[in-house]
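Here come two complexes built around chain A, the first alongside chain B, the second alongside chain C.
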Partner chain A sequence: MVRPLLEISRFKMYFHTDKGVVKAVDDVDLTVNEGEVVGLVGESGCGKSVTSLSVMGLVPRPPGRVEGGSIRLADRELTHLKGREWRKIRGNVVSMIFQEPMTSLNPVFTIGDQIVEAIRQHRKLDKKAARRLAADSLQEVGISRKGILEEYPHQLSGGMRQRVMIAMAMVCRPKLLIADEPTTALDVTIQAQILDLMRRLNRETGTAILMITHDLGVVAEMCDRVVVMYAGQVVEEADVNTLFNQPRHPYTQGLLQSIPRLGQRAERLYSIPGNVPNPKQMPTGCRFAPRCEYAMNICRTEEPGLFAIGDGQNSRCWLHVDKKEEADRDPTTTTS
Partner chain B sequence: MLIPVLIGMSIITFSIVHAIPGSPAKAILGERATPEAMERLEENMGLNDPLYIQYFRYVGNLLQGDLGTSVQTGRPVAEEILPYLTATFELALCAMLIAIFFGVNLGILSAWRQNTSVDYLSMVIALIGVSMPVFWLGLMEQWIFAQELDWLPSNGRMDPRMFFEPITNFYLLDALIQGNLYALQDAFRHMLLPAIALGTIPMAIIARMTRSSMLEVLRSDYIRTARAKGVREGLIIYKHALKNAFIPIITVFGLQMGLLLGGAILTETIFSWPGVGRYLYDAIHARDYAVVQSGILIVATIFVIINLIVDLLYAWIDPRIQYGKE
Partner chain C sequence: MTQPQPLLEVEHLKKFFPIRGGVFGKKMGEVKAVDDVTFSIRKGETLGIVGESGCGKSTTGRAILRLEEPTSGKVRFEGRELTALKGEEMRKMRREMQMVFQDPFASLNPRKTAGEIIAEPLKVHGIGDARKRKEQMKELLQVVGLDSFHAGRYPHQFSGGQRQRIGIARALAVRPKLIVADEPVSALDVSIQSQVLNLMEDLQERFDLTYLFIAHDLSVVRHISDRVGVMYLGRMVELTDRDRLYENPLHPYTQALLSAVPVPDPEPEVRRERIILSGDVPSPSHPPKGCAFHTRCPHVMDICRDVRPEFKDHGDGHFAACHLLDP
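This part shows the complex of A and B:
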């Protein structure tokens, strides 16, 4: 029986700046079940990082403001939490690793100190026990060399630092690990090691992973299910095989086409025409319509909902309904 | 680094002092001295020898711990300057503590609440602090707190009626060692106004430096990591961020401390503080070469030593900095 662990529904996070309102996350629905690995895919600036930071409560407010919707984690509503309540959850129920292992560890404290701090934040352990636990957690991520606890971040390579970050994030056995492009800054060989490690930890500890990436290769290797975001919205959601074999949203199709393949020598690599819309001036109707080769009249005037199209696949596209009326009758749609 | 700097300093002080117009013989004998008497005295003092010989004699003596003899009092400078030096040092240290405590906290506060009224208010305070001349601030303090309110004494290091025998000549320390609470209280009350006057400008500079350094650090990835671990905001600021932000701030500590030692002269004059600034000021008027040379050299040496300490502090705070290793 799959139980939902993280349920984001109709969540909106806007940034109120001097130059206008930026709708960074606009009406996002996303579910991660217990023990599941979900990929969150999209171009830079599509709102995937803001979505994940919102789950951590790490979006700076102001300028960020929750404009609606809810985030439920392990049956707990997160959007109303105050500072102290957030701190009990961060690093404990949900933890996060980041893109830049080189700068994500504090340069002036030892590895041991930093992991022990994470432990003692949430567990009542004395220093000795916490250090033992820190050493164990490092062993778990494949660092067993002696004296590592006494070393400083600058003495480690990027891959090692990312392992330390993972050890630190996993040490309190969170239910959910958010990984924001954890391998983007690493060498290809190290990337594979880190992905293997995360996959293994997921199997062994049952910690669900929300994997944020723009790399579809990583998604294919790691994830059970994929959520594709475009311009602050979820445009398609499906299990990983379905998404790669039968992408239904034109944007997802474009993304998949733009992966260069071995053995095919194309004259030019495919790219989706046009640019990501300016988040301060979103197009009316479907946000992808200006770049979409199938765009119809309705696409430019009315915003499509996320339509359920069977097998747990959802797509935000007018192509899936013959007429708009039909969409309105469909009980699973969330037309906005 | 220390040694070449000191050699350079000794040459510079020596040259500057000898470039000052006026003769020490004249200062000693007075305006109406006969040329013959002046000639004789200058010969005795070695002032007619070539400059380089005078210099080497001076350095040779220095190396033996002999800073020369004051022509005014006839006492060895090394002995005479010490109480003045400790008086200045005590004042500068207290001023620096005030400057660091208020400067760092003000800077942190405004970085933490960036672009809020708290931030603007803190920076206005810092701006006022940095643009207020020491002599004006000192006089205002005296007028308000000593004259009008009569809360604090306006000058000196201690009430002359106090029964007190200094040991190290750091009055606060001495009073503490002797367990003399009256003296401690009195020394503290005397210290307060001059230390505030002297510490205000460094306080303002430190506050601005801390703010910009903290702002940069607070934006960094490892602060986000600390937040993601669930660390409380206070610890993030005072542990994770401050230790990193301190690296550039410490440089300012060192420079300001050096400036305080040399630049206390105005404060010392206003508050009749018997410090090295006043001592040198009097010596310059009296053309007392030995005192001026040695005084400047000592202050310069302390400046260099403080900067050495700052360099060592870097390595202590930042594990990425290591000296003497490849």
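This part shows the complex of A and C:
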């Protein structure tokens, strides 16, 4: 039985700055089912981190403001939560790990103290029991060296710090782990260790993972389902095989075509023409239209919805709408 | 086939950084950032260098251009020994060798316009007068796919990919023969990455450029390079033709590295055998004795812990440093 754990619907998070409104997340729909590994991909600045920080209640407000929509996690609405209520959710129901573990590990406390602190926020354990649990959680991520609990973050390598972060995030057995570019700062051999670890924790504990990355290789190896974002919106969603074999949105197609493949050598790489739109001046109609080789008239005037196109695949593109229906909807379409 | 004379020859290059501490800044030890590296690049060739973060790729590039004074070793450019050149001679030599930097955000002066940034090397080397330089600057903008109206804009007004184009235009300004490109696409999204890679290939053909291309993305390096060198902890562990390296890697580190690259295909035709190395990369201030890789090598032997393996040709210019390859 597939049960939704995280349901983000029509969610909008805008930033109100001196220089205008940044529609960082603008009408995002995203679901993560229990035990599932979902990949979230898209170009830099498309709103991946703001989406996930919203689930953690970590977007600074102001300048951030929820402009609509809802986020439900384990049957609880999160958008209205206040400071104290967030603390019960964070680390307990949902945890997050970041690209640079140093930003979330405190340099002046030992590894042991930090994990114990994380445990005691949610579990009524005495110091000794909490320390034992901390040591166990480190063992789980493959760190068993003596005295590790007494060490400080700067004494560890990047790969070890990331493993400590994962241990800390997992110690209270959250239902959802959000990983924002967890391996981008690491070398591929260490990345392989971390991905292996995450896969194992997902299998053994049933924790669902929302994996944010720009590396489509990581997505292919880790994820069950993939959500593609462009300019603050979800443009495509499908199970991993469908997304790689039959991408339907022109942006997804372009993205997949652009990656150099290790096994084959193309004479020339494909590249999507043009640049990402400025988030303060989004194009009218479809946000990808200025760069899309299939753009029709309607694409430049009307914003497409996220259309369901079968087998759980969704795509935000007018191409999927029946031609006749499209002509009815769009009086500017000229038939030639 | 006759071997054309190499454009660049690097022999036994070393760069150690002192670690200082205590009240008097006494030398406490050293970081062996580059530890005895040897290779050469032919004219018109692209040599890729890969390896994990901190293995010494950037330091190698910088030591070649003497942006970082080598601790020892030789660097010859068109047969001329660079390490012996004095100030003015070296400055002239820099016209022939330019660098493109990893971070398009940090490497451009935020207070100068794109036009000024691109024309600067022309000014430094006293090429042309102001009018001529402006003309050349506009031409360069065009070469890298920007418009002349971009000349008056400041770096923050450009996207990452556009900034990297400005960095490339600046490097091209003095018509160099060699470009050391230090992770030119690592900070870019895949879709912009492919634009910049295509541009670099076009320019290479058009201006007969030679590239030393540093990256940590193995797919990118395979795409652009003719030959590829793999570094680990300050040392070159393997160097050969691109395809030979990817099809028949000899060094256990290269094998692990290649097997660890995630493939952007959920159902690869052949599921690769994954080699997951245990342990972490040792610190370059305390490199292991013997072979630097022995602490993580799945095939480690006794000799590996004591004797540093020689970097030598195992046939047809396939260089590797590993005791397993010795008969």
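What we mean here is this: the second predicted complex is superposed on the first by the 314 of 336 C-alpha atoms of A that agree within 3 Å, B and C clash if a C-alpha of one lies under 4 Å from a C-alpha of the other, contacts with A are read in each partner's own complex, and residues count from 1 in each chain.
Note that a contact is a pair of C-beta atoms (placed from the backbone, for glycine too) under 8 Å apart; a residue touches a chain by one contact, two chains touch by 3 or more.
Computed from a predicted model, the values in this text were never measured in an experiment.
In the superposition on chain A, contact of A:Met160 is made with chain C only, not with chain B.
Touch criterion met: A:Leu216 reaches chain C, while chain B stays clear of it. Contacts of A:Ser44 after superposition on the shared chain: chain C is touched, whereas chain B is not. Of the two partner chains, chain C is the only one that A:Pro260 touches; chain B does not reach it. When the shared chain is aligned, chain B comes close enough to touch A:Gln121, but chain C does not.
By the touch criterion stated above, A:Glu67 is placed in contact with neither chain B nor chain C. Touched residues of chain A were counted for both chain B and chain C, and C has more of them.
The contact sets of chain A with chain B and with chain C never meet.
Put simply, chain A touches chain B in their complex at residues 56, 58, 83, 86-92, 95-96, 98, 100, 103-110, 117-118, 121-122, 152, 154, 165, 168-169. Against chain C, in their complex, chain A makes its touches with residues 43-44, 142, 157-160, 185-193, 195-196, 214-221, 240-241, 244, 254-256, 258-263, 265-266, 268-272, 275-276.
Residue ranges on chain B touching chain A, taken from their complex, read 220-222, 224-233, 240, 243-244, 317-320. Interface residues of chain C facing chain A in the complex, by the touch rule stated above, are 52-53, 159-162, 189-195, 197-198, 201, 216, 218-220, 222-223, 242-243, 246, 256-267, 274, 276-278, 280-281, 296.
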